[in-house]
Every structure is written in C-alpha cells, then in structure tokens.
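Starting off with a structure, shown below.
Naming follows writing order (A, B and C), and every chain is counted from residue 1.
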Amino acid sequence: MSSIPLEPSGTTGLRRWTEPARIGEMSPLGSILTYTILIFWSLFVLFPLYWIVITSFKLPLDVNAGPVYLPFVDFTPNLHAWRDLLVTGLGETSKPYFNSIIVALFSTVFCVLIGSMAAYALARIEYRPKFATIILFVLSLIAVSVAIGVYGVDWRIAAAIAVALLVLLSRALSNHFQRRVGNGDILFWMISQRILPPVVVIIPIYMMFQQVRLLDTYAALILCYTVVNLPIVVWLMHDFFRSIPIDLEESAALDGASRFFIFFDIVLPLAKVGLAAVTLLVMILSWNEYILALFLTTTNAQTMPILVAGMNAGERGILWWTMCVVILIMILPVVLMALILQRFIARGVLLGAVKG
Amino acid sequence: MSETADYPVMAAPPAGHNAKKRPGRLQAKNVVLENIDKSFGSVRVVKDLNLSVGAGEFLVLLGPSGCGKTTALRMIAGLEEANEGKITIGDVDVTNTLPKYRDVAMVFQSYALYPHKTVAENIAFPLRARGIPKSERAGAIRTAAEQVHMQDYLDRYPRQLSGGQRQRVALARAIVRRPSVFLMDEPLSNLDAKLRGFMRAELKHLQHDLGVTMIYVTHDQIEAMTLAHRVVVMNHGVLQQIGTPREVYDQPRNLFVAGFMGAPPMNFIHGAIANNRFESHGVSLPLQGDTEPRKAVLGFRPEDALITETGRGLFDTTVYTAELTGDVTLVTISLGKASLAVKMPKDYDADYDTAVALTFPHAKGFLFDEATGERLKTELQTIT
Amino acid sequence: MAVSTIPASRTRGAGISEWFDRTSRHWFIWPAVIMILVFSLFPLIASLILAMSRIRLRAGGFNVRFVGFDNFEKQLFGSEQFHFLGTFSSISTLGWFVTIVIGLLLLYWIYAHLRRGNVWLPGMIGRLITAAMIFGLTLLFAATLLSGEQFGTLGVTLFYVGFGCGIQFVIGLGLAVVCAQPIRGRTFFRVVFFLPLMITPIGIGYAFRMLADTTKGPFSPVWQWFGLGDFAWAADPWAARIFIIIADSWQWIPFIFVILLAALENVPRDSVEAAHVDGASGWLIFREVTWPQIAPVAATVMLIRVIEAFKLVDLPNIMTSGGPGIATESMTLQAFFAWRAPDFGQSAAIAYLLLFVTVVLCVSFFNLVVMKRRAAEAI
C-alpha cells in the first residue's frame, strides 16, 4: 500500500479514466458506470408504470393481439376504458373510492393524533407502571378470553368480573412486588406491535366486530388501520419530539401553559416536518391496505384494493385496460401528495428512521 | 426570610431601596431555600442548601459546571423537585407547587425562543397561556418590547435576529407578565465577549429599573462580580461562601473560593507551618496568630504582588515568561514546580530566567489549611 | 434530563381545565394504550385460544370446543404437514452435509460465546432458542428443498423473507451508494426511485402479471425469440416464486434505497475527506469509513423490511393465487384460505406458527445484529 500516486492525475493513459479530474467529481469511468446504473434502474422502475399508462389507453384489440408499445405509432390511444369507468361505470367505482378516502383520511388523522400524543408522553413524561399489575392484567385478559370462548360466558359479565378482580388483586399485590417498568419498555412494547402479522389478530377482531355488529363498516376499518399504524407513528414521532430542545417546553410551563397547550401550540408546530412525513406514510399504508379490508368488508365498506383484487373474477378474464385505469386513479392522489411533500420525505421520516 | 439566616443578611441594601418609584416597577418577593437536597439517581447534586434572597436583591449563584447551581435554580423555578427541604417565595411555601403558580420567570441559556413564532408572538405567549384577552395583550407586549428596545422587531422571527436581540426577546418575554422573581440560567454565555459586556450593563440597569428579585446563575466570575448584590459560590453541590462581591474576593473563606475568583486566580504556594514560620521550597516566612504546625497553603493575588531585585523581596525566584496583555504585564515566575502569576505595570519587562524577588504586603497573604481547604486565622508577620 | 420532572400541584388550581392539566399524563398515553390493548393484545390472546379450539359457525354466533394442540399437531405432523412444512422423504447426502455444517457452525457459535466468559443466563437462553430455530429450519430445508421435495408455506415464506430481503438489500445499498456520488439530477432519481412505494401492492401484482405475459406482454418478442413463447411462468414453481420476488423487490427496493441514501448523506464529510487525504481507495473508504457509520441504520431498515416481508400476502394472492399448487403460498395466505374454508381454528393456528417464527427470528436479528451495530456505534 505504498503506491500513493505522486504525479498529478490525468496524465497517463488508464488513470485518465479512473481518477477524477477535480476534487468533488467522479472519474470518467465511474461516472459512465454510475449513470448507466441509474438510468437502467430508472427504466426498470418506470417501465411498468409506462405500460400501465399506455394500456389504459388501448382498445381490447390492441391488448389481445400482442404487444404494441408506442401511442400514435403502434396504436391509436382510445379513451374507452376511462369512459367505461368514469362515466358508465361510475357508480361501481365511486363507492369504493369514496370509502377508501374516508377510511384513509380518518384513520390517518386518528393515528397521527393518538400516536404523536403517546410518543410525546413517552418522550417527556415519566411513567413507572408496576410490573405486577401488568402481569395481572394479561392474566385476567387470558381468563376473560377463556371464559368467553370456551365456556360461553357473556362477555359483559366476564369483563365486569375481571375488572373488579383486577382492581382488588392489584391493590393487594402491589405492596409485595415493587418492580416497575419504565418509558423505554412501554415504547418498545408499542413499537413491537408492528411485528404482529395482521392475520394473527384478525380473526378475534372479526368476531369482536361481528358481536357488536360493526362488520363491513367504516368504523371497523378506521379502528383497525389506526392501531396497525400506531407503532410507526409512535416510533418516528418519539425521535422527533426528543430532538426538540426541552428548554422550550420548560419555559412554556413556567409561563403558565398547560401540557395540552404546550403540545398543540409549541411541540406539534415544531415537529411539523416529521408530522407531514409520518402523515404521508400512514396515509399510503392505509390507502393501499389489503388483507384487513379483505377480512372485514364485504360490500358496503369495500375499499379500492379489494375492488382491484376482485376485478380478476370476471367471465371474460381480466379487463386489463379497465384494471390499468383503476390502478392509475388509485395512484394519483398518493403521487400528488408525495410530490408535494417530497422535501419532507427526504428530510423528515427518513432522518427519523435513520436515527432508529 | 428569618430563621435560616445564620450569616450576615444583606451586606449591601438592594438597589430598589433608594431608587425612586418608576412605572415599570414590579412587586418583588423574597425567596428562601431551607435544607434543600437533590439527587439524580445516586449522585447528590445539591447538598443541604440554605439560602435567603431578599426582595429586590440581585443574587448570583457562581460556580464551575456541575456544581449544582443550575439545579438549585431549576428547583426554585419548579422544574425539578427537591428531595428534601422547603422553598418559599414571598413567604408562601411553594415546594410542591407547579411552576406556573410560582410567579417566577426564567431566561434560559438557550433563550428557549419559539422558532415558529414572531417576536410579538413569543412575548405574548405567557399572556396567552394565562388566558389574558387579546385586547389587553397588545399594550403589554409593546411595553415589554420597549423596555428591552425591541419594539422595531416585533414581526421578525427568532432566526432573523442576532444573538443579542434574541437575548432581549427572551428578557421581554420574562418581563411581560410582571413576575416577582426573575431566574436567569447563564443568559449571557452564548454571546460574544463584546456583546456580553454590553448586555451585562443593560441587565444590571434593567434589574434596577424593575426593582425585581433576580437570581442569576453563571460560571463567569466577572459577571458575578459586576452584577451581584451578593454572590453565592458553590462547588460540588455545597455552598462555599456567600457575601458581597468584595467580601468574596477579598476575604475568601476557603481555597476553592480563593482559587475560583480572579483572573488569573490567586497564587498558591504549598508548604507547611512549622516553628511559627511558613516553610516551602525556597520560602520561609514568619507567622503570627494560630501557628499550630500543619500542612498549609499560602495564597496571594497577582495584582497585590510586586517583582523587585533579588534579596529585597519575600523570596527569590526566576522569571518564566513576561506577557504584555495591554493594560498590564503578566509575569509568570517559577517557584519549584509551581508557577506564580504577578501583574506588573505595562511597561515592565523582564527576560527569560532573570533572577528576581517577589514581594506583597503581609496583609494580602492568606493562609489555608491544605487538608480541609479552610482559611486559617494565621497571618504573615510584618517584616521590615 | 430528557424527562422533565415537573412536580404535580398539590396546593392550588381549580376548574375543569386545571383538572385536565393535572391529569394530562393519563390523557396523553391512554388512548394509544387502550387501542393497542383492545385491538392487539386482547386479539392476540383470544387468537391463541382459537388456535386451540374447533369452531363451528351457527346462526348469530359460534360454537367453540377446546381441542388443545390438535390444530398445531395437524399442521406440524398431521394431514396438513405437506402444506405447512412440505413433503418429506429420506434426506439426501447434500441435505445431510448442509445440516451437519450448519449444526457445527451453530455449536461453534455457542461455544465461542461461552468461552468469552461472563455469560448472562437470559442471553444464553435466547441464543439457544435462536440456534435451535435455525437448526430446525436448516433441517426442514435439507429434507425438502435439498432432497428434491416440495416445501410448504413455511419454506415459501422464509424464501420470500431471506432471498427477497437479501436481494433488495444488496440492490438498495448499491443504488444508494451510486446516488450518494456527486451526480446531477439527484432529485429526479430520488423521486423516480420512490414512486413504486406509492402504488398499491395489488396494482403491482396485476401490472407484473401483465408484463410477464409471454404472448401479450411487452416482452413477448423476447420470449418468442428464446423459443419460450408458450412458457407459462405461473405454472413453474420456481419461476413463479422468483417472479413474486421481483415484483416485491420492485416495490421495496426504493424504501431501502431512500433510507440508506439519507444515512449515507449523514456520514460526516470530514471523515471521508480525511481518508481521501490519507490516499485510501474508494472501496477501502466504503469498507472502513462509510459502512461502519451506516451499518446501524442498515440493520434497522432491514429489521423493518424483514418484519413486513413475513406478512407478504397480496402479491402471491393476486399474481398466482398461491399456485402452482402451493408453490407460492405464504403463511398469511394459507391462514386466509383456512379462514375462508371456514376453519377458524386452523387459521389461528397457522397465524400463531407464523407469529412464533417471526418473533424468534426478528428478536434474534434485533438482539444479535441491530443492537450489536448500535453498540459498536456508541463506542
């Protein structure tokens, strides 16, 4: 390793290609390689999108006869699929579209609000719940589930007895077991909820909603999406709140502001970069969610992913042109929002994630 | 503020007493800390602190970083809970009161300005948080802004202001709700040296104008000397000395205070008391008073000492370097392994390793017990 | 002190807003906790009971009969074994060889840990569980894949997770490194590379079906040129699996890419510049300076990706419906099919097996890779 080049680069044959001409630039060879890779990958990313777009303008004939690539050259673009969907078939599409918007919007708002409040609390307020109480709580949950599931006890009675027992026992036990958990443990518990595959919890949730007659409603989906995305919000916002100087909040507390006032007037505005990014992320996840909607909806609250997935079932096979239009109108709002918030994405959620 | 004061209270009267009434004056309150103890985990950061601050007094808590001065201030503000002891403000026990009911305002080292609010909105925040209607706010904001000369910047955001201007906004935000006690946590340490001197004078004047009780934390002994009615020197969570700046400077109670005050600080010569003399490397001086044999430290201030020809001073030594600092020449001389600083007139000069002698008035020499650090009731004997 | 300890007021204050302020610590955290308890912890427990039950639908409700571990037994050893684990016959020589090598490596790993001294008991137990899980899965693959037999949904899921995430990480990292160079149009590439993340996985599934069509798709001339005009990729197990992984990668590489790019841009310039001044080559700089600084982020982002990959269901359902046969069926899809059957007990049992595998592997990854990377960074 003693061959440190002493002569200025760019003089001899090969080195002209492998060494940068100036500081802060790439070598010619490197830059050719780099741009080749970038352009290749851009094509790989963009081609499926391009194909979706042109297919949406094709006649069934253009699709079935084999591939045609260039509009106006290979084939004449035709709006029939768009017309079918947006004019003739409007009733069929608009309902799930509207459902998706409602569900994504409300679940995002709830999720970001509840999640950032919890994240803030865990970043700034000290919680020290007793370990014994938590164990007791989980045990009573198990007991209630067994009582309801296996012995068929009415769920209201079981819940009432469990709460009463829990209060009594936790009082009695708390004097003997002094171990406590801290904020870090609560945070870890909340974030780790994301590991749960939805399919593990969906069947009891399905049965719960069936009991309270909420299957196939907005409420069911909104509640589920809120919980599923909570870990993400808590995790990312926790990092954000911690990066806000605590002086600001202490000063506000001295000046007579309440916690809520501090949170909504000082903390949230300061975290708006992260808030925007998290909102976008949660919104994309709710908008595109499939498996929970598949379990919980049938007709009324059906969302767009279910509609798209169901388009396979037609007798004539898949109507690719219609499918492409549906995919496009589904992408549209998200891409629009993402382009608007592009700056936030780059700086916001990613840096939050980066810090871990 | 009575039962805990076992030290001379109010060596200097608060400035408020002889100042004439002004419209901007606030209702000052006294602050008393009794037996305050605070630990973070197993670290005891404040140990049995007793302190009585008079209404309208400017009290400075001085000490190196980590000495517990900021924690003490935060406990007065209510941002930390004391483990032991009692805090009263205006003769009301506030030990367990939420910060917002303590009627104190605090200026943070970082200023804690809200970056998403304009200057006016920042100043308005304490009023808004207290639910004061918008119509009443405008006048108060204007008055507060005028008191710190920021009335022309009300629509700016903090990022558009210079450090000194931000400092003023933080002050205005503290003034606007007319608290009876002001707390300041190193408010000037983020400013450059020139601005710091200027703001120091303004702060002093503002406190005089408002007549408010001010508790001020700093590690800069010049700030403490210039601003305070009384200085509290702290180290390792323990109060070392309390008194007027002059008392603390001229009559340091122990080695720590002596070594902390002054720039450069007091010179120390480590040695021992034996046979009524202070003996050290090449030094032997007669003593009077308590001359019980023990290890001891002789201290004297650089500005009290003089360099003379060999044989005519208290002891002989050599020059290490001489530096012209502008108003004085700072001469460093070596004595054994120690080096001592002497401030000489600015036209004094000496080459390296010149043999000289050092002298200082016997009354300006202090003797400390090396083991405990306490000042001894021992003096140098006059030699002529 | 990140957590401020503003003491509670015990002296003054009245009114509803004051009461809200004093109890604010509860208002902030309880909504989230209750949501998670009701929709996550309770169903988790209830699901375990379902997994040990046989459930019959009746008008307006269910009949639940407790059957113990029957459902699990059926998946692991009984009539559904071929579906979940795969088909077993005698293990081939290659299978034995791989099993023994992995087994020895795991033994050495435990041994090396023991030799280092001050063994912490829970950590040791965790390591043993990890080792047992890896050995069990190795044995599974040895008995199925390496012995020329069909493997079940567990194998398929692990294939998606291991192979899919591995490829996505390598490509994502490569692209991020390339994009971190002083190139023009970085914003353009960033936006383009981020697009796939916006698209519903269902749409991606259909789009890739369209692209892969050997007669009508855009690449059909290529297929025909190779003489594969009537090749149906959906009918070949490996082609189908690979194709699902390609679609999955198309969507998820951007995620890894963008986060690693942010991490790369966060690497302090002066450390790289110092290495340049010292005359280090590009590869050496990456290996010795850049990589150690982005490794914690890389480990974290891979943990997220692995967690999500275990849940993969939409792509196989749309692209192949789990076929041919069960060749592309992930465990979530299997649970969904069982639910639709309807056999709630089996579905819950499969879900619980998935949870078990996910938790053991993710926690192992977290403790052994992510934490180690972070610890290394802290030093």
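Just so it is clear, contacts are C-beta pairs under 8 Å (C-beta built on N, C-alpha and C of every residue); 3 or more make two chains touch, one makes a residue touch a chain.
None of the values given here were measured: they were computed from a predicted structure.
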Identity of the chain that, by mean CA position, is farthest from subunit A
B
Which one of the chains is closest to the middle, using the mean of its C-alpha atoms?
A
Whole-Å gap separating subunit B and subunit C, where each centre is the average of the chain's CA atoms:
59
Averaging C-alpha coordinates per chain, one finds the centres of subunit A and subunit B separated by a number of Å equal to 54
Centre-of-Cα separation between subunit C and subunit A, whole angstrom:
16
Multi-chain contacts in subunit B: which residues touch at least two other chains?
78-79, 98-99
Where subunit C touches two or more other chains, by residue
1, 4-6
For subunit A, residues contacting two or more additional chains
250, 253, 258
How about subunit C: which of its residues touch subunit A in the complex?
1-6, 17, 20-21, 24-25, 27-29, 31-33, 35-36, 39-47, 49-50, 53, 62, 64, 66, 174-175, 178-179, 181-183, 187, 189-204, 206-211, 215-221, 250, 254, 258-259, 262-263, 266, 279, 296-297, 300-301, 304, 307, 310-311, 313-314, 317-318, 331-332, 335-336, 339, 344, 347-348, 350-352, 354-355, 358-359, 362, 370, 374
Note which residues of subunit B are touching subunit A in the complex, please.
77-79, 98-100, 102, 104-106, 108-110, 112-116, 125-126, 129-130, 173, 177
In the complex, go through subunit A and note every residue touching subunit C.
4, 24-26, 30-31, 34-35, 37-38, 41-42, 44-49, 51-52, 55, 63-67, 69, 114-115, 117-118, 120-127, 138, 141-142, 145-146, 149-150, 152, 183, 186, 190, 193-205, 207-208, 223-224, 226-227, 230, 234, 242, 246, 249-250, 253, 258-260, 263, 284, 287-288, 290-291, 294-295, 304-305, 308-309, 311-312, 318, 320, 323-324, 326-327, 330-331, 334-335, 338-339, 342, 345-346, 350-351, 353-354, 356
Give every residue of subunit A touching subunit B within the complex, in rising order.
245, 247-248, 250-258, 261, 265-266, 269-270
